[in-house]
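Each of the next two complexes has subunit A plus one more chain, namely subunit B in the first and subunit C in the second.
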Partner chain A sequence: MASLVLYPDDERLPRAAGITLNFYLVTALVLFLAMMALGLGMRSSQAGWLGLPPDWFYRFLSLHGAGMVGTASLVTTAIMWFFLRKYVQLHLWAFVANYVLFIIGLWCIVLSVMAGSYAGLWTILYPLPVHSQGMWSREAGAIFMLGYLGIGMGQLLFYLDAAAGIIARYGNFSRALGLQWLFGGEIDQAHPKAVVASTGVLIANTLGLLAGTVALVMSLANAVYPSIELDPLLIKNLIYWFGHMYPNATIYMGCIAVYELLPRYTGKPFVMGRPFLWAWLATVLYVVLVFPHHLLMDFAQPRWLSVMGQLASWVGGFPVFVVTAYGALVNIHRSGIRWNMPARLLVLSMFGWMAGIVPAILDGTIAVNMVMHNTQWVPGHFHFYMLLGVLSMALAFMFHLVGQRHGQVPPDSGGDRGSLPVYLLGGLVFLFGFLGGGRTSVPRRMAQHIDAWTLTDRIGSIGAMLVVLAMLYFVVRLVIGLLRPVAQAAGDGDGLADAAR
Partner chain B sequence: MKTLPQDGMWGGLLLWLVLATPAARGFLEASMSLQMLVQMPLLGLAGYLLARHLPERVRRVLASWDRGGVSGLLLAAVVSLPWMLPRLMDAALAAPWVELAKFTSLPLLIGLPLALSWPRAGLVVRGVFLMEMVATAFRVGWLYLVAPQQLCVNYLVDDQQRLGTALLVLGVLATLVLACQLMWGHPRGAALR
Partner chain C sequence: MILQDMIGSIALAGVSLVGLIFLVVISQAGKPADEAARTRAARAAGRLQGWVFAVLLLGFVGGSWATLRNLPIPVQDVELGADHVVEVVGGMWYWMISPDSVPAGSLVEFRVTSVDVNHGFALYGPEGRILAQTQAMPKYTNRLLVDLDTPGTYTVQCLEYCGIGHAPMKASFQVTAAGGN
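On to the complex of A and B.
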């Protein structure tokens, strides 16, 4: 069971592990800020406040999409590693290898976009990366895809190490997921939720990565030998299989921080019941089957796949976020939680996840999708749970770690208290700029907007400015905080959850 | 280190010799699917069985170059790549030296290293090898299916497309078996890390 001690001894990292974790977190913070700046530039350009040439818009959009999801995965992998290593044996080399391959992949993507002018978006939809009508070279498209391969291979190594650790401890995935308690028996409350979540994530995302490597290598084969023609619909299915699971996995890895940290700030254990286990099982199945809801507008797609996508969206989309959010609310209820930065961000992340998934499930409905899918409704929903959900989870984790370095007291300075409302307000304004744009049928992914569309662009841009401002503060605050040495506890037994409240 | 069982000592050699007979070659090389999916794996199996004959001293020397089974599995993976190319499968029928290369490299550079390295490999190394094997089955199968023209002189288009379909089916089956084993089985190798 997750500890109620705020900073337990088993979370003290050896020097090499601490340095590696800092590399992950500092890199993620800098990348988040850089990608946000690109996003702000694009929204300002759509608003008519910045004259970004269309080719640069699409280059930035490619970099922003790939960079943001990759960075979210990087930081939530760090969360999974940090907590999972307490329960199973993980190897630092796998964690380091993931980071190194991520950086190599990132540089491939940056090189492809900045030097090679690649602007075919993160979706790398065949045959766009190698048929650019002269906008970028075939090599640039190939390097972008090689970057994805590098990042995917790193993630796969990390998952395999995690799988080995989990199997060595629990025997197989079924027992790690707690499936033996689905229909009866007394659930072992000491069975870590971090293990359940990690197992679920690595099953689903490994399948996604497998689909992704097949699609990428086939696309690369086409880049080298253009006479090899691929089925565009099949490769699109594979890309979205991988492309849906990869960002979703960031939520599921990130919510390990909620399971582990929230009880420490409330002083109450996060109870694990049968609904929790059922929900995670449903999520593993859902996340594998749901990808066709990205292809509801593809008329050539077999009908049964579209129906499966919609059913999976409605049946499987809810369970984990319901049990997590409801569990969090029960955990907070009458707990006397003290609202310091990690606690606030954890609760905010629940809101971001819950509120963001509603427009997502709506868009996964065929009748709605036909109207909304090519509008800004879609970036509205995924920015909702990525910005206010996943990023809040990551920030909560990092603020918690900063407290470990500041006398084992969770941070809650005036600057922190002031910046969070700016982040939340800016985030909501930014997000409703997108959702409002969707409501009025403003198309997405367009570099230039007509005057009638610019009202929501301008609202969104103002929100984005506030978010970037708050993020700038977070980055400076967290980088300085994370680079300080870990403080010694005032005495044995200090750091109990009571101390946090 | 787990030692290989010594029973069936001559099985590998016998299998190798049987596969080399004109009758077996004629039958198994009559189609691409049989050559890639039956003859080549059987040649690998012959090497796998032959590993039991290796003297302990040789095994110890090889083991010192094969920490965690990485070198052996890497060798097997690299050597297996060219044998998936239609040009080589075709050439094996026409050029005796290519046939000789096939009959020596598949047992000695794929089957034998697999037999020696697999028990040494932990779940991560095995996982990388198996994932790549499954992904390769999908990729190569797909390539055979979409190849715009007949790739071999000796095999027709329908044969190469049958092989493509068979590889895709094998990829799906291997994924299901691996998933079931990880989910409900007793996967080995987790302790060796």
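On to the complex of A and C.
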């Protein structure tokens, strides 16, 4: 079972591992901030306050989409690695290789957008990346996709190493997921939730990455040999299978930080009951079946696939509402939680995830999708669980680590306490700007907005400014904090942490 | 009530409810319970979890039935019996729509396709809200059925990003008053 000691000894990293982790985290922080700046630029431009030329708007949009999703994956992979390595043997080379491949992929993407004028968006929807009507070249499209291939290969490599470690320790995935306890038997509370979650996410995301790889290889073949024509509907299915799974996997990887850290701050164990195991099994199954909800407006798709997409979207609410967020709330309730930055951010992340699911599930309903698909409703709901959910998990994890380097006392300075409400308030205003836009039929992904649409754009821009301000503070604070050497516990580290309670 | 407004209200209510639950739990978080109270609370939490599951399950079954009973996606390979058929072709960056006007009060079938990349065919009503949409895809034709009762000037707007000319890719569509024209 996850320990209730704030900074247990088995989380002290050997030097090389610590340096690698810092590379991950500092890179992620810098990228998040840079991508947010682009986001703010786009939003203000829609509001009419900044005149980004349309070609730059769409280049920024491509960079922001790919950059944010990739960075979210980078940082949550670090979370999964950090906790999983306590239970199974992970090889540092795999973790390092993932980072190196990510950076190579990132440079391909930056090169394609900045030098090659690529603006075919992060979804690389065939045939747009190779059919731009002169805005960018076929080569630029191909380099962008090669970047994806690099990032995907790194992620697969990391999962492969994790899978090997899990199988070596637990024999098979079924036992790692705790399936032997689904119907009876006493659940071993020492079985780590991090292992259950890691196993679930690596199965589902590997399938998604393989679908993405097939789509990429086909698209690249077509880019090099245009005579190879692809079936646009087939490739759309493959792309959205990957395109749904990959960002969503970041939530499941980030969630490991909640399972591991929240009980340390509440001082109450996070009990693993049968519903927990059922929820993870359900998650692995539904998340593989849910991608057709991105193709609800493709009427050429078999209708049963669309119905399945809606049903799976709705089912997706259960594991969160009934188990994960519910479990977190039970864990917090009358716990005597010590409020500091990591604790606050962990709670915020659960709110962001749970609340963001509401507009998302609505959008996964065919009748609703008919009027909401490709409106700003969509960035409204995914920013909800990405910004307030995933990013909060990542920030909580990093603030927690900063405490380890700072006398083993979790951070809670006046600046921290002041900036979090700015982040939350700005975030909500930003999100409701998008959702309000969706309500009034403002399309997503548009450089130029008509006057009737700018009200929600302006509201959203103001919120975005606050988020960027708060994030600027977080990034400076965390980078400085993370780069300190880990504090050597004077005698007894736990005693120190206890004293701070 | 306009569908979008209803959805907006449901979402706002749902998000607020989640927020409220968090606020309540957070307000109770700082008071540690003693051992006996903890055991009692744990048991209550388990029971409540069962109720949450039951209520959601009911919502799932009822909601699925209500929203899937009349699927807004028409069967694609049969005669749909519309009063008017409108052929729609999207291309970078234009719409070809024929005919581009129908009389009010008709059931209209739009047959939508594309000659190059993916586009999105969205029909905006005269008051500026989306009424219905479908994807415009190369090599496929999507058939969409819409009841058009209110006369006025409708707008067809591309709703799937298709390159630099995406935002201006729109066209007008007339629904004429019965007896007019």
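Assume the second predicted complex is superposed on the first by the 487 of 501 C-alpha atoms of A that agree within 3 Å, B and C clash if a C-alpha of one lies under 4 Å from a C-alpha of the other, contacts with A are read in each partner's own complex, and residues count from 1 in each chain.
Note that in this section a residue touches a chain if its C-beta (ideal position, glycine included) is under 8 Å from a C-beta of that chain, and two chains touch if they have at least 3 such contacts.
Being a predicted model, the structure only gives us computed values, none of them experimental.
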item: Subunit A as common anchor, with subunit B and subunit C clashing or fitting; value: fit
item: Contacts of A:A221 with subunit B and subunit C, given as first, second, both or neither; value: first
item: Contacts of A:A163 with subunit B and subunit C, given as first, second, both or neither; value: first
item: Winner by number of subunit A residues touched, once subunit B and subunit C are compared; value: C
item: Which superposed partner A:G171 touches (first subunit B, second subunit C, both, neither); value: first
item: Which of subunit B and subunit C A:F318 touches, first, second, both or neither; value: second
item: Superposed model, angle subtended at subunit A by subunit C and subunit B (C-alpha, nearest 10 degrees); value: 100
item: Touching partner for A:M370 - first (subunit B), second (subunit C), both, neither; value: second
item: Partner chain(s) touched by A:D231 [first = subunit B, second = subunit C, both, neither]; value: both
item: Touching partner for A:L125 - first (subunit B), second (subunit C), both, neither; value: second
item: Touched partner set for A:F23, first subunit B, second subunit C, both or neither; value: neither
item: CA minimum distance (subunit B, subunit C), superposed complexes, angstrom; value: 14
item: Residues of subunit A contacting subunit B in one complex and subunit C in the other; value: 231
item: Subunit A-touching residues of subunit B, taken from the complex the two chains share; value: 122-124, 127-128, 131, 134-135, 138-139, 142-143, 146-148, 175, 179, 182-187, 189-191, 193
item: Residues on subunit A engaged by subunit B in the complex (per definition of touch); value: 89, 91, 94, 156-157, 160-161, 163-165, 167-168, 171-174, 203, 206-207, 210, 213-214, 217-218, 221, 227-231
item: For the subunit C and subunit A complex, residues of the former touching the latter; value: 3-5, 7-8, 10-11, 14-15, 18-19, 21-22, 25-26, 28-33, 37-38, 41-42, 45-46, 49, 52-53, 56, 60, 63-64, 67-68, 71-76, 92-93, 116-118, 120, 122, 124, 128-135, 137-144, 157, 159-168
item: Subunit A residues touching subunit C - in the complex, by the definition given at the top; value: 54-55, 58, 119-121, 125, 127-128, 131-133, 135, 231-233, 236, 266-268, 271, 273, 275, 296-300, 303, 306-307, 310-311, 314-315, 317-318, 321-322, 326, 329-330, 332-337, 339, 347, 350-351, 354-355, 358-359, 362, 365-368, 370-375, 435-436, 438-441, 443, 445-449, 452
